[in-house]
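Structure record follows, encoded as structure tokens.
Order as written gives the chain letters A, B, C, D and E; numbering starts at 1 within each chain.
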């Protein structure tokens, strides 16, 4: 018999999937945008309401479908649903008349893909949703129709297709090795497969395109700025995490030690974290800065992925940290992106409030105490602490994290700086403002009630870091501020000359 | 019953020749149609009789061979008799509508037509060398008469050429007959063959066979002796062309084949068998090639006959010093080829006649746009073409299949190439016609519409040719019936 | 060598001559004559060869008689055709034709 | 040059042909034939109804040949008169008033008629027969024609066609009559064989003469209007 | 004979009779002709459905009689034939609907629909043929009945294309005939049989068998457009869109591929083929063709030519699948027989719609067409994505199954080819999709026509949408019983354990 979860999950996936049908009739098309915030609601209910562990078998689907939810997926689903909801609200106010119907169609399809892939456990539907998200996402990227958008779209598409193919090959090999169509069977089989390294390489590269792995990231700083703001938010907040999720569910974590791959990933993560920051601070467009920030943040997560690969024993712990970090980053980055589209209201107080609300998620990213960022950073620190880890590069992780923190704040500051020159002075459309405020609220407040797991990593009350941790959180921020101040000074001097 | 059938078979065409001689064209047409009915029924009856009871010898005038003339009524012969009945009645039916009844000289069409028919029957059934000669002359002269009928200079030129070729061929054949008689003292083919099986081959007898076959090859228009055929077949009235291509050339080939199968093994030799096959192959290629290059529609069809006749001569190499089963396959294949070509070529000529009637010109490029106007005739043409191309399920295909098998099994693979290339070349000229007719030309609205029945006749023939492939087993089984020897050969 | 055999050999020679004429000559009447010569040769062979050893044999005689009638019929028909052809085209031979003339409008 | 070469080539071919043929005849002539047909024939001659073996072969043993042969002749006649496109076969140019010819006619025509009758009658027991008689009869007609005697029956009308067909028709009727009675085609009922043969011979003579005569007169020249299919219009 | 024996004959006769009736109908009889066409298509579909059910339960449908001495004319319905028959029955119905709309007021409709039905009858015959001889019979009939369709427009270009088509196919037919005759000489009449005939073949006929195999593949490869025998296909694109659709999706190209499947599975037998060592080279050839077709497609400017080269590439998937020794790969190849048909017919329908409604023939002119014709463009997009192999569409199922099969057969290089081919497919399809939806129109269309409320004629509008839906459905529901994939697995099961 169908349990409520099954109904809900079907609803969650099918609602956005069927939503484009509204475009067929003129009346429906006009009403379309008001439905956008509603689309992720079933998913949200599912993520919040249902306990992990249920599963839904769809034997007729592709090669036999299985949808289910575990802790990891739950967090990702939650992130996706929340972010899409707030972005949806935002979009209602944001959208102009330009090809609005088309945007809505692609919005729905991308959402369906993004939601679907988080609940899919069989290879076929996972890959299907992944591809759906990828290709429908293209519609969001090129929506504006400008030359930059088209160019960005082309780069996005080329890389995405390459990535898809790598994933296809990797999944094929893996599933052949496992002789199973279920993702849950893959890691173990990959670990013992004769072509282990090839499979891992394909999967790392394939999902790496989405996750903005260095050298596979080119599309990101191009695509995120040109997409409409709500789309950027979900691109950077949710969809980028799909790549991460892909790694987590397919690579052989906890099965066997892969020091080589771990090292590679750690190096890649480090390069991403630092390198993206260096490139990012040179950007002039706010959303480009944010895009680089995303790469940088993803670099940190890659770092953890690498560690998890290198040390199978530590992988379960790291998983929950990664999930937490992803959740935190997604919400904060979503909020940041949305803020790129708000206008400054009249009145100094209001302006200050707006600026504060813009800055807070950013600072949260950098690990400001009492924010989700602080929690995530601490959890990460704990997760990557030297002692339990057992591989060559373990010693470098801590400084890397610190450098990452510095880089993060630098980028956030740069963002705020560039944004300052761009924000317009006018009234925000109410829905836009509502969406943005909601995102900020979710990132700063609602986060604390979300079902993440930090047992054994951060002492409770988790929102209140212990004093020794406080310093650890703050000093990189200070360095960053100092650096930023220095730069500013130098810039002034140079300008005065 | 059988005796009456035989008498009817021999009597009807001759009698109707006389009857129609006494009437004018229009009344002759009615008389003819009656005669056709009789003749078809008689042929069918005889065929059924033979198919049920097996074949027999029929001594004319009550005299058996070697003194008298015996007719050999076996499965093959009655099948050809039936084939002749079908094709000739179709042509007769068609001619009755097609030919202008107001021209006074057209009244002579019917007697010539009937004489031709009787000559054909005489040849199919003949087992006497000299009687076959007379039958051949009967056919040749009436055919020449039909070609020349009321014709102009070009028709006369063609018919003269035809006549001279036919006469030379007949003389060569007759010379062979003279030598045969001088050597064996009898004119019965069966008699000679049975004597040869029991005695060593006497010296000097090969020339007789060679002369006869050479003469017959000339009459059959085997390459390179084919030049007379295309003008004659191309210029005659369509029903006449159909008769000539479908049946007349087959008559001489039939005799050659009978001689070869009965006497070839002892009297022939490998080189000549291969040589004849080679000439046949050359005919296939050369005839098809020329057919592709003709400007006149009926010339295309006529050259196609030259090519198709080439296939027939593959009988010679494929039955000489090969195993029994291969020989049988080759014979069956050739038989099917004769039948299907007869049906298909008749259909093709009749359809071509309709097309010419419709567009008012015999040029191939005048056909542009006719596919919209006369699709039915064009379709008949095409169906007949399918058989000529030896594509399935036509009789031509079944024939080709059997010949392929025979070639492969006897190890004479070079004929395989001929068969395949020939099929492709024939496709080339058939589709050339189609190409022309499919062309949409803007001014192509001036068409005369021939009578519906004119269009139906070639269609029936074409369908028969096409369906032959499906029932070829049944048709061939009649020919394979045991031969019941009544006379004393 | 008996008389019938001589006839037969002469017949062979006539055949050769007739054949040469048929192939070489272009005037239609001459061709026709050549045909008749060749025909005579054939008839001679036909009559001569069997009677060389078997003596009197009425069968070939009858055959030749039939053959002659046929030959006459053919010759007569040919002459009618040739005359008419000459009248219409003014030509006495089949040669010298061009492809455009063949079947071309008269 | 080419002409000469071609001639040479043809001459060589013909010579070779003659040589081979002669050699073959020479070889064949050496051996007796395995079937002795003349003997068989003479054994059956008394059943044939006529005394002369050639006539017996022609009109009894191999009467089918003869039937068809007459057919060939009729065909030639038909084809011949089909060429004539005028209502009459009369050709004014052939009319002469030569007195010598007229005198000849007066003497020869009756004589030749008698000769024809004799040849026909002689056919049963000595050389002679329908064809010879018919040929003489035709020659008479030619003579009359040259002499300018109008012969209205040669108009290509029903009478001419009837004349052409007469011999053949009778032969054919005789042939089929026996078949209807259950005998083989062309088998003469015993007893009246001779009578039948004589009747056939007589009508054949008439027909043969008619055919030959028709062929002689039927090639007058006039213009045709019918177009062939092979030519474009 | 029982009804069961007659069912294949009836299925064959439906379209044959329809053809004859249509030929006899006057040009003006539009309604009657349409009724006959659709009626026959529906009846046939019904018969096929009945037979599919029967074959599934193991009923034996077959009729056979000796045609030429030593050879039988045999019709038989097994799982494989039902696969092809279903394809042709379903798509015939849709294509007929489409063609009725497409040729609304063009001349020579009687001829067109007559040959159209003949063409489908031949396809049916090919599907139901019980031995190589019968197969060949209908194979050649197909050649002939498609020629008038290819040259239907009667232009110089069409006639030239028709000539090329004939030269290729008839030559191929001749080679095929030679091969069949030779095979017949070696082994006698060979009915199609699961597991093939040559598993126990003597070593001394191995060479002959290999040569015959090469000839067979060469003959069939012409229709299947295997490199280098594909030259006719792009040229034949001058034909009207429904013809191209039929040619590519159902009839001609498929007949060739189907023939190769028959030869490998039911004549030689997969194991014997593998033993003879003929599969591997064929697989390489197919792989090369896959890539070659795609590369050529990249540089095309005319939409239909692009689709043609895409066909060249896609059909080789089928052949490749057949060459993969193992049940999974085989299922992949077989299922593509259906999938490619559905997807390609969608694309051709759409191409026809663009041409007929907007006068678009070149890819350059397609900018912004998605707004003017959303339905058609949606169908096109789905078809294109299916071709690329984007999940969960039909093409993905193929690729996935093929890939798994290749791995099972230890032919890992196939994965690389698959990936590369998909990339190439993406490289030429995605720009078109982009043009459709994301470019602004150039102003005016080359030659626009309007039909009432819908974006185009209703007869033209629905078929591509339906096939697009099918593209999605056969992909998404691939594991349902009677889905193409399940059916292919059934065939394979019977082939591998005969």
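Operating definition for what follows: contacts are C-beta pairs under 8 Å (C-beta built on N, C-alpha and C of every residue); 3 or more make two chains touch, one makes a residue touch a chain.
As the structure is a computational prediction, the values presented were derived from the model and not from experiment.
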Between chain C and chain D, the fewest steps along chains that touch one another: 1
If a chain touches chain B and chain C alike, it appears here: D
Most distant chain from chain A by Cα centroid: D
Comparison of B-D and B-E by number of C-beta pairs in contact, larger one: B-D
Core chain by centroid distance, with centroids computed from Cα atoms only: E
Distance between chain centroids, defined by C-alpha means - chain A, chain C (Å): 106
Centroid spacing, where centroids are CA-atom means, of chain B and chain D in whole angstrom: 28
CA centroid of chain D to CA centroid of chain E, Å: 69
Interchain centroid distance [CA atoms averaged], chain B/chain E, Å: 42
Sequence positions of chain C contacting 2 or more other chains: 8, 15, 45, 49-50, 52, 54, 59, 63, 66, 70, 73-74, 77, 81, 84, 88, 103-104, 106
Contacts with two or more other chains, residues of chain B listed in rising order: 130, 134, 137, 141, 144-145, 148, 152, 154, 175, 179, 181-182, 185, 231, 234-235, 296, 299, 362
Each pair of chains that touches, named by its two labels: A-E, B-C, B-D, B-E, C-D
Residues of chain B touching chain E in the complex: 329, 332, 371-372, 375-376, 379, 382, 386, 389, 391-393, 397-398, 400-402, 404-405, 408-409, 416, 420-421, 423-424, 427, 431, 434-435, 438-440, 469-473, 476
Footprint of chain B on chain E - complex, ascending: 23, 65-71, 73, 107-108, 110-111, 133, 136-138, 140-141, 143-144, 147-148, 151-156, 158-159, 162-163, 166, 170-171, 173-175, 177-178, 181-182, 184-185
Partner chain A, residues of chain E touching it in the complex: 374, 385, 388-392, 396-397, 399-400, 403-404, 407-408, 412, 415-416, 418-419, 422-423, 426, 430, 434, 437-438, 440, 475-480
Chain B contact footprint on chain C (complex, rising order): 8, 15, 18, 22, 28, 31, 35, 38-39, 42, 45-46, 49-50, 52, 54, 59-60, 63, 66-67, 70, 73-74, 77-78, 81-82, 84-85, 88-89, 94, 97, 101-104, 106
Residues of chain D that touch chain B when the two form their complex: 20-21, 23-29, 31, 33-37, 40-41, 44, 60-65, 67-69, 71-72, 74-76, 78-79, 81-83, 85, 158, 161-162, 164-165, 168-169, 172, 175-176, 179-180, 182-188, 224-233
